[in-house]
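Below you'll find a set of structures to go through.
Okay, so chain A shows up in both of these, paired with chain B first and chain C after.
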Partner chain A sequence: MSAGGKIGGPILEVDDVSLSFGGVVALQSVSFDVRKHEIRAIIGPNGAGKSSMLNVINGVYHPQRGSVTFKGASRRDVDPHEAAKQGIARTFQNIALFRGMTVLDNLMTGRYLKMKCGFLDQALYWGRARREELAHRAKVEEIIDFLEIQHIRKTLVGRLPYGLQKRVELGRALAAEPELLLLDEPMAGMNLEEKQDMSRFVLDVNDQLGMTVVLIEHDMSVVMDLSDRVVVLDYGRKIADGTPDEVRNNKDVIDAYLGVAH
Partner chain B sequence: MTEQPDTFPRLLLHQAKLRPHRPAFREKDLGIWQSWTWAQVAEEVRLLACGLAAQGFRRGDRLAIVGDNRPRLYWSMMAAQALGGVPVPLYQDAVAAEMAFVVQDAEIEFAVAEDQEQVDKLLEIGPQWPRLKRIYFDDPRGLRHYSPGGLMSIESLRAIGRDFAGREPEFFLGEIEKARSSDVAVILYTSGTTGNPKGVSQAHAAMIHTARVLVAFDGIAEGDDLLCYLPMAWVGDFLYSYAQVHIAGFCLNCPESPGTAMNDLREIGPTYFFAPPRIYENILTQVMIRIEDAGWVKRGMFHYFMSVAKRVGMKILEHKPGVPLKDRLRYRLGELLVYGPLKNVLGLSRIRVAYTGGEAIGPDLFDFYRSIGVNLKQLYGMTETCVTVCMQPSGEVKLDTVGRPMPGVEVRIADSGEVLVRSPGMMKEYHRRPQATREAVDAEGFFHTGDAGYFDADGHLKIIDRAKDVGRLSDGTLFAPKYLENKLKFFPYIKEAVCFGHGREKVCAFINIDMAAIGNWAERRNLAYSGYTDLALQSAVHDLIRDCVEKVNRDLAADSTLGNSQIRRFLVLHKELDADEGELTRTRKVRRRHIAEKYSALVDALYSGTASCYVETQVRFEDGRTGTLRADLKILEARTYGVAAARQAA
Partner chain C sequence: MQFFFEVLIGGLLAGVMYSLVALGFVLIYKASGVFNFAQGAMVFFSALTTVGFISMGAPFWLAVALALAAMVALAFFTERVVLRPLVNQPQITLFMATIGLSFFIEGIAQLTWGAQVHALDLGIADEPIEWLMRNTGMNISKFDLVASGIAAALVAVLAVFFNKTRTGRALRAVADDHQAALAVGISLQKIWVIVWIVAGLVALVTGLLWGARNGVQFALTFLALKALPVLILGGFESIAGAIVGGLIVGASEKLAEVYIGPHVGGGIESWFPYALALLFLLVRPEGLFGEKRIDRV
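Now for the complex of A and B:
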């Protein structure tokens, strides 16, 4: 349960969203909302449309029907770049970092949208560009401290173990100082200790940095412990929505996960 | 000359006046080294002290300090001392139950903790020890929603102190005036390998005197830099960091986090460094691994110049004559191409003096650092004597001694071989344990160290074993099993060794081969083997081990005291000694008595003169099954050497 307490009004509303690829229906009239400062989980069996949902939220896919409203502004056909500018950052199911760059440089790329100076200014690294770079570096250092990755600051990402790469990816998303953070399976493939660490970080992101978090996760105990509310998708349809307890006892959810005798 | 300050708070004020703008502390925070000058530190300490006073901290109260090396934790120690209180640093990796013992033993009511992890442990102690009523934390992360009363940040404590200081501006200096140098300055808990830890109370006078001696011994001055990365609860950190910085006014550097300490070492480039042998070993291992992975040019260069260094490096470091000009030039070139860059990468390029102690250091390790020009030296001491019993003066460094007694320190060897010490750095007492104090310190004021040792011909102290483990052969020769075992274990091929000899006419040994090292060695020589037991029974392996044993014997022959305890017969064990079977302790020390009982047939064979012995051993596999290992072990003879008896007389 998020310790943040002050959960506010909706920051994101997904209304009647349908998405299909040719004949394949990925999402069918899905509606739910995300409130400010909450941790919202999206769960469901494989192929339920969870990642597609995140892709709709940050503008990778454009739904054929329905709307997504972020901070009161309805947004049709935004692309990921604009979504990021509006304050949505995400991590990916399979890590998408620059493997040949250091942790520090990877995090600096997360600041890209906040940089005002042009290419030429930066190349000269003088005056405004220099001040700006220092300010961004200071912000990135706060994130390094927050995620406790000082010891790998200058290590190439490709040389890091998987669990740490996941943490770096979270760091890069945090570097953009988003209001809404989308995490696609942040704990996939981790061992118990790494999962506990990551859970701690997700809670801290929510509590201390005040970010709203939407996460997809397969590990049910993680989902039940972390999230304030849970949306359950199955075959592209929303089959349940509520607190972890409500969802846990929902018959449709149990059927979707365990299968039903027909 | 004016009187020198005789308590830590007075020294702090003295430094703040003498060098207000020199850096006193640095800490890497958010990737940048932040520094505080002496004047700033004195002000911070004043605020913290006033804050503590406002919170009810009184003269004689004890303040627990728990966390990694952080400037604010050091300042809290200073603040407690300024109020006439006693800081009690705790080991930051202790679990709550261990911490509970010390907190109760020292009757702690106030504590300063680094972060949530430490606060949690202290709160856990709360129900057993309700008198712990105030906890201050440095890093607020994760503590926002903690509500127990009495918990607040150091930041808030500082604010309280500012108020208090505004109301009573004379208070701080007045409290410092009241202190006497015979007051207890700190209580340091010994790690307690046997029984519960004991609190060692050290007075200002003892610590300050010792630190002055140390500063003079190695010529430490304000330009020096030291990285504090060893636990604050350890006497070494208190003495080398805290006490020395008060005397010499140099700068203490706190690493960013324990994980980055080795990186920070490189950035700071300390001039004075202390580390247990294990850390030097880790650094060397990393170097060797990276060299093996390097291209052939670099690798070739490294090995060539290391052989030059091995030949002449130590002589050059010690300014000894007899190094041909050609070799001096080669060494110079090596410094340019290999040693210099290497030391730079390791963060050792500015080192003037580096110390190691606590346990025996291997010859290869010791020679490696000294030959590339790192002035690595050994010392001997314990918490009860402010460490500083013996140290090696620069230029008189030997591998297997710990140096000469320090100025003012008297070292005496008891008839039993035990080392007795009387020094100005002697503890005041064990906290609340008059009985233990009486047992440890005799009527003449000598502290019984529990270590056995003797002085060699040059007047250097040689520590050989724990006194209770030292025995004598039937002809009266001193027999120090651990000393022999350590010498054997320094060979990479030998993993464990167990020596027998107490009450017998000669020394015999069990040897455990190191599977990784010997396996590798066998592969390179195309020696086929099926497993550990098979390898341990091969005669080529026996020859290899015999070489090692004979080298140890040759070393011993040069030592007039231990020369007769050369190893006459030995055998290579067919199985690894294992903690699960009670043959080793959990910290991997051999349990000699248990092994002697378990393998009594083998011990008898060693002493009976037979050439082999058949043995069956029950072993328990990790999955719980048991099995029997059978082997016919060869008893091997090792050559011994004539003892250089004349040296003592000379």
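Now for the complex of A and C:
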């Protein structure tokens, strides 16, 4: 359990969000909130709409109905790069890294929004641009230490094994120093040891760096151990919402996962 | 042997000029996956705009600055009118759009500045370097050497820009993965404008050098075709590939002309690079430095 005492008021409110693609309904009036400094999990069977939910929060999809309020400001139809500016970073289910770049460059790209130098400064690469580059490099090194990936710093990401790529992707999201971190199945396809490492990183991110985390995950033991509160989706609807213990004993949740006898 | 080196060096220097043309293609292809057929037209347009302003009495550097401004305006125009409405369309659609764009640019250029051939004097004489001539007997043009120097400087600046700066990294990021680029806060539209501006700058330098050598004329647009074998040899995604590809094309066509030409009746220079590229396609379709595509089945 992460430090429960720090948890504050809501940082993100999802209110009555509905999303459909043509005739396919992905989300149906889903509402929940995420409080500052908590780890909030979204779980549900395959096709429940978990990734769609993350994509709505991050602006990849624009819901037909409902609203998303982040840090008190309600927003409609933001684009992903605008969501990033507001302080939302994310990782993807199928790793989306810059494969032709080194780990270091991937993380530096994560700091894109933190860097201020104008186009002309950079084109000439004089004083200011150079100093800025070095300052951000220092910050990126901290993240590299934090994630224990010093040894692969200069390796092209495309050459790394899957588990490490996941870690680098987390690092790129951290490099943006977001207030809200969205993780789409950060442990999918990992072995036990890698899962334990990743769990530790997620806890540390929350605890030491104070970031709010929204997490999609299939591994129930991981979800129950990590999260403060859990939202359960099934067929695009919210069927349960509460602490891991409450959710675990909820009849609808058990039915959704195990099937109902007819 | 001395004759061989003379031909080889002459060829390599000519190759640098081909590299420059190919570089413009690579930049846009890397960042947006679009094969920009209009690159040749951009070379023509920028060179013609420069000589146009010079003939109106503008000093050389002012004319170059104005031509650069025109290329920047063209970049904004292209992003707004061509790329943005066609976002997420198949590559072939964008390719067709750039063919349309090339006709448009050629038309505007000739409408504004007329269709006659203009001479362009950069103040660099196209004559043998005397020192080299006296000591080794080799006939190497001073102009070719300076042109190569300028091209090398341009490539060096681009390399630093791409590898060391925030915007350069953003360009590479967009080339690698749109989704991830958006998620870290990079605006695709802004990046496209920047990459077209950089391609416009490369087109301007190319246009000035080629224009000074062969005259600023409509034939400059066909440089786009000369860039094709370079791109096939070097790979569409690689700046290093564009350079090496250009050198290979330049050197091989001159050597082929001199050594194979006489046996087959000459005129080999104009088609040899294409034949070489064709052979290359059979052996290494992704080019020397290109990314090998591995598809999951």
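In this text, the second predicted complex is superposed on the first by the 258 of 262 C-alpha atoms of A that agree within 3 Å, B and C clash if a C-alpha of one lies under 4 Å from a C-alpha of the other, contacts with A are read in each partner's own complex, and residues count from 1 in each chain.
The definition used in the following text is that a contact is a pair of C-beta atoms (placed from the backbone, for glycine too) under 8 Å apart; a residue touches a chain by one contact, two chains touch by 3 or more.
Note that this is a predicted model, so its numbers are computed, not measured.
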item	value
Clash or fit, chain B versus chain C on superposed chain A	fit
Angle at chain A between chain B and chain C, C-alpha centres, nearest 10 degrees	80
First, second, both or neither for A:142, with chain B first and chain C second	first
Winner by number of chain A residues touched, once chain B and chain C are compared	C
A:134 touches, of chain B and chain C: first, second, both or neither?	neither
Chain B versus chain C as contact partner of A:150, first or second or both or neither	first
First (chain B), second (chain C), both or neither touched by A:80	second
First, second, both or neither for A:204, with chain B first and chain C second	first
Closest approach of chain C to chain B (Cα atoms, Å)	14
Intersection of the chain A residues that touch chain B with those that touch chain C	none
Of chain C, residues touching chain A in the complex	157, 160-161, 164-170, 172-173, 175-177, 179-188, 194, 291
In the complex, chain A residues that touch chain C	58, 60, 79-81, 84-85, 89-90, 92, 96-101, 105, 108-113, 115, 117, 119, 122-123, 125, 129, 132-133, 172-173, 176
Chain A-touching residues of chain B, taken from the complex the two chains share	29-32, 141-142, 144-145, 256-257, 259-260, 263
Chain A to chain B touching residues, read off their complex	3, 137-138, 141-142, 144-146, 148, 150-151, 153-154, 204, 207-208
